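Letters A, B and C name the chains as they come in the text, with residue numbers starting at 1 for each one.
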Amino acid sequence: MRVNKTLQELADYLGGRVIGDPTVSIGGLGTLDTATEGQITFLANIKYAPKVKSTRATAVIIPPNADHFDRNALIVASPYLAFAKLLALYSAKPRKARGIMDGAFVDTGAVIGEEASVYPGTFIAEGVRIGDRVTLHPNVTLYEGVVVGDDVTLHAGVSVREGCHIGNRVTIHNGTVIGGDGFGYAPDGHSWAKIPQIGNVVIEDDVEIGANATVDRAALETTRIGRGTKIDNLVQVAHNCQIGEDCIIVAQTGIAGSVKLGRHVTLGGQAAIVDHAVIGDNAMISGQSGVFGNVAAGEILSGTPAIPHQTRLKAAAVFPHLPEMRKTLARMGARLSKVEEQLEPLQITPLAV
Amino acid sequence: MRVNKTLQELADYLGGRVIGDPTVSIGGLGTLDTATEGQITFLANIKYAPKVKSTRATAVIIPPNADHFDRNALIVASPYLAFAKLLALYSAKPRKARGIMDGAFVDTGAVIGEEASVYPGTFIAEGVRIGDRVTLHPNVTLYEGVVVGDDVTLHAGVSVREGCHIGNRVTIHNGTVIGGDGFGYAPDGHSWAKIPQIGNVVIEDDVEIGANATVDRAALETTRIGRGTKIDNLVQVAHNCQIGEDCIIVAQTGIAGSVKLGRHVTLGGQAAIVDHAVIGDNAMISGQSGVFGNVAAGEILSGTPAIPHQTRLKAAAVFPHLPEMRKTLARMGARLSKVEEQLEPLQITPLAV
Amino acid sequence: MRVNKTLQELADYLGGRVIGDPTVSIGGLGTLDTATEGQITFLANIKYAPKVKSTRATAVIIPPNADHFDRNALIVASPYLAFAKLLALYSAKPRKARGIMDGAFVDTGAVIGEEASVYPGTFIAEGVRIGDRVTLHPNVTLYEGVVVGDDVTLHAGVSVREGCHIGNRVTIHNGTVIGGDGFGYAPDGHSWAKIPQIGNVVIEDDVEIGANATVDRAALETTRIGRGTKIDNLVQVAHNCQIGEDCIIVAQTGIAGSVKLGRHVTLGGQAAIVDHAVIGDNAMISGQSGVFGNVAAGEILSGTPAIPHQTRLKAAAVFPHLPEMRKTLARMGARLSKVEEQLEPLQITPLAV
C-alpha cells in the first residue's frame, strides 16, 4: 500500500511543528544514511546531528534543540517515537478477513466474532468465545472455554489452554503457550504428588508476547499479565504471577511462582526472579541478574544475587584482581608479623626509659 | 462434577485420623481464608495456626502437633500433601474418549489402544504403537516407530521424533520436543561435519514435562528420563543424558550432553550442568548455578562455578565490599611501608645498644 | 539399508591409508567396546590406545602416531571426523519423496520443486517458493513470500514468517520460529509504542538449527545466519543480528539485537551477548557468560561480565575465601594500628637522639 502525506499532515499526526515547506509530499521513511528524496528521516541521537545537513531525505524529524540546517524539518519531543509511529503508518497493510478457512476445526459450540481469519490446522474447542477482527494463523489450538477479545493476532502454533482469557489488541507470536500447568508438586515419600493446577491465565489488553514463551496457569486462581506489557521470546512466567502494566520483559527471563511485578518494570534478558518476590514500580533488573528477594520501586539491580547496579559494576571491576589481592594480603601479613617481632624488644625499651 | 465425601471417607482416603464429627459432608476445599461452609481447608504452615480457629471451613486438615481449637479436624503427617490429593479428588473431570477425530492423520500401520482421544491436526506415522486411554491434543506429531504407553496425555504441538518411547501415565505439555537431534559436530577444517544422531529418547513412567522443553535423542544409544521425574518449561536435556528417578528440574535449566543425574536430584531454575558431569542422589543445585564437574550425593551447591551453598552465600555477602577492601589493602600497604621505614633505623639502634 | 564396503573403499572415501588387509568387508561401526566382527571402530582419544589391541572390531581407525597392534587399521588425521562421516554413511536412509500429502494446505500461488514431501497439517501461503527435495514435516507453517532452497528439512511445528529466506541443505528442528517480530518499542509516556518489524531473516546454506529456538526478523533490513553455522535448542537470536559462518551456538544462549558475530565463533550454553556487540573471528565464550561489549578475534572469555577465561578461573578460585580475606584485612588493620601506636613514642626517640 502506497501512502503519501504532506509534511504538515505528518506534523498534525505526530503533534509536531514544521520548519520549512509544509506542503512537501512524503511517501516513506529511512535512516539518515538510507533515506532518499521523497522520504522523511529522523535524528534520534544528537551525535549524528551533522548528518541532518547531508541526508538526501526531503525532511528530517528532529528534537527541539537540534539544528535544522535550513532543511525541511518536523520538530517533536521524541524523534524515535515519531519514527515508530510513522513506520507503522507507512508499513501498515490492510487486514483482509479470510473467514474460517477449509481445514480449520471449529467446535459447533464456539462463538466467533466478525471479520475473523481462521487458518487451516487451527482448532477451536467447545465453549470458546472470540471477538471481532481476530486472526488465528495455522495450527493454533484454543482449548475449552478460552475467551479472546477483539483485534487479536495469534501466530502459528500458539496454544491457549482451557479457560484462559486473552484481552483486546493482543499479539502472541509463534509457538507460545498460555496456560500450561504450573509446576507444583508435594513431596510424597521420595516421589512427588501433583498439585492440580486449576486456575487460569488472564492476558490483559495491548499485551504482546514473543515466540516460544510460556505463561503458566495459576494453581487455584489467576496468573495475570497487565495491560500494555511486552514479553520477549522464550520467557517463562510461572503460576500465580501478577505482572503489572507496561512492563518490559526481555528474552529468556524466568519469573518464578507468585512473583508480583509493579508497573513499568524492566527485566533484562536471562534475568531470574525468585518465587514470591515483590518488585516495585519502575524497577530495572539487568540482564542475567538473579533476584532473590523484594525490590523497591525505582531500584536498579544487577548480578546474582542482585545488588544495586553501580555497586556491582564497581565490585565486578575488582573481581579479576582477587588473586593478587589474596597474595598481597598474605605478604602483608608476613611483613606485619616481622614488624611486630622487631617491635617486641623495642616495646620494652621505651617502657624501660 | 460434584464430589461429596464424609470427613471419615476423606480420612480413610488420606490415611488420617478424625477429630470431631466424622459424618460431616465435605464438598470441596479452599485455603484457610477462602474456604466456606461445607468445605475442608488445611494448615500447611504452623505460623497460620490461629486461623484454624477462625476459618469458616467445616473441617481442617492439621499436622499431628497442631491445636484443633475444637474444630472438626483431620490429622495427617503432611497437610500439604493431603491438600494436593484432595484437590485432585475434587477437581477431577471424567475423561471422555473422543476416538480418532476428523482431521487427525493416522497411518494405516499405526496401532492405537482403547479409549483414545486423537484430536484434529495430530499426525501419527507408520509403526507407531499407542496404549490405552491416551489423549493426543491437536497438532501433535508422532514420527515413525514411536511407542506410547497407557494413560498418556500429549498436549497440542508436542513432537515425538522417530523411535522414541513414552512410558505410562506421562504428561507432556504444549510445544515440547522429544527426540530432536543431539548437538554433535566434528571439526572438518573450519567447518563442522554433523555426527548423525541415531539413538533415541526413553521417557519412563509417571514423568511430567512442561511446555516448550527439549529432550534430545542420543547420538548412538538412549537419552533417559527416569520414572517420576518432573521437568518444567523450557528446560534443555541434551543427548545421552541419564536422568534418575523422582528428580525436579525447574524452568529454563540446561543439562549438557552425557550428564548423569542420580535419584531425587533438584535443579533450580536456569541452572546449567556441564557435559559428562555426574550428580549424586538428593543433590540440590540452586537457581542460575553453573555446575562444572561432579557433585556428590546430598550436596547443596550454588553459584557459577557452583560451590557449597553456604560458602557462596557468605562470599556473595562480601562481594559488594570488594572496592573498599582493595582500597583498604592499598592504604594498609602504604601504612606498613611507612612503619617499615621507621623501623629501619630503629632496627639498628637496639643492635647498637 | 545394509551398506558393505571394503576397508580400501572406506580409506578412499575418507582419504586415509590402510594397514593390513584392504579387502576385508565392513558392514557397520561401533565404539572400541561395542564394535563386533565385521565392524570398524575408532580411536578418538589416545588414552584408550590399549583398547585397539583388544577390540573385536575387524578394523580400527587410528591417528598417524598411534600403534595399530598388527590390527587392520585405517590411518586418518582425525578419527573422530572419520567416525562422523562413516556413521552418516552407514546410517543413511534413502529419502522417499511423498509428494504433497492429503491434509497439507498449499496456496495455489505457491511454487514447490521436485521430489517434495509435504506432510499433513503443513500450511504453505501464497507467494512461497520451495526448491527440490524439500521435506516439510507435519504442522509446519510457511507464511507469505517465504523462499526455501533445495534439500531442506523443516521438522514438525516449525514456523517461517513472512518473507524469510532459507538456503540450501538447511535443517531446522521442531518448534523453531524463524522471523518472529524483533522486540522493539519506543517509550510513549508510560506506555510503549511498537516499532514495526518490517525486515526479514536470511538463513544461509548448510545451517542447522535445533528445536524451539527463535530467530527474530530485522526491524528494517535482514537478520542473517551465516553459512554452516550450527545453532542448538532454545537459542534466541534477536533482530538485526549478523551471525558469521561456521559458528557454534550452544543451547539456551541469547544474542541481543544488532550483534555481529565473526566466523567460527563459539558461544557456550546459556551465554548472553549484549546488543550491538561485535565478536571477532574464532572467539570463544564460555557457558553462562555475559558479554557486555566487543570481543577481539580469538579471545576466550567467561563470567558475567565476561573477562579472559584464565583470569576468571583464578579469581573464581579465590572467591570462596572472601569472608576470611575480609576478616584478615580487619585483623591486620587492628594489628597495624597497634604497631603504629607503639611506634609513635619511638618515632620521637630517634629524633630526640
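Note that in this section a residue touches a chain if its C-beta (ideal position, glycine included) is under 8 Å from a C-beta of that chain, and two chains touch if they have at least 3 such contacts.
Note that the coordinates shown come from a computational prediction; the quantities given were computed from them, not determined experimentally.
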Leaving out chain A but moving nothing else, do the remaining chains stay as one piece, and if not, how do they split? one piece
Mind checking chain A against chain B and telling me if their interface is mostly the same residue numbers on each side, over half, or mostly different? different
Please work out the Cα centroid separation of chain A and chain B, and write it as a whole number of Å. 26
Tell me, which residues of chain C touch at least two other chains? 103, 121, 139, 157, 175, 212, 234, 252, 270, 303-304, 319, 321-322, 325, 329, 332, 336, 339, 343, 346
In the complex with chain A, residue positions of chain B that touch it: 31, 78, 80-81, 83-85, 87-88, 91, 102-103, 119-121, 137-139, 155-157, 171, 173-175, 206, 208, 210-212, 228, 230, 232-234, 246, 248, 250-252, 263-264, 269-270, 287-288, 303-304, 316, 319-323, 325-326, 329, 332-333, 336, 339-340, 343, 346-347, 350
Residues on chain A engaged by chain B in the complex (per definition of touch): 103, 105, 121, 123, 139, 141, 143, 157, 159, 161, 175, 177, 180-181, 183-188, 190-196, 198, 212-214, 216, 220, 234, 236, 238, 252, 254, 256, 270, 272, 274, 290, 304-305, 307, 311-312, 314-315, 317-319, 321-322, 325, 328-329, 332, 335-336, 339, 342-343, 345-346, 349
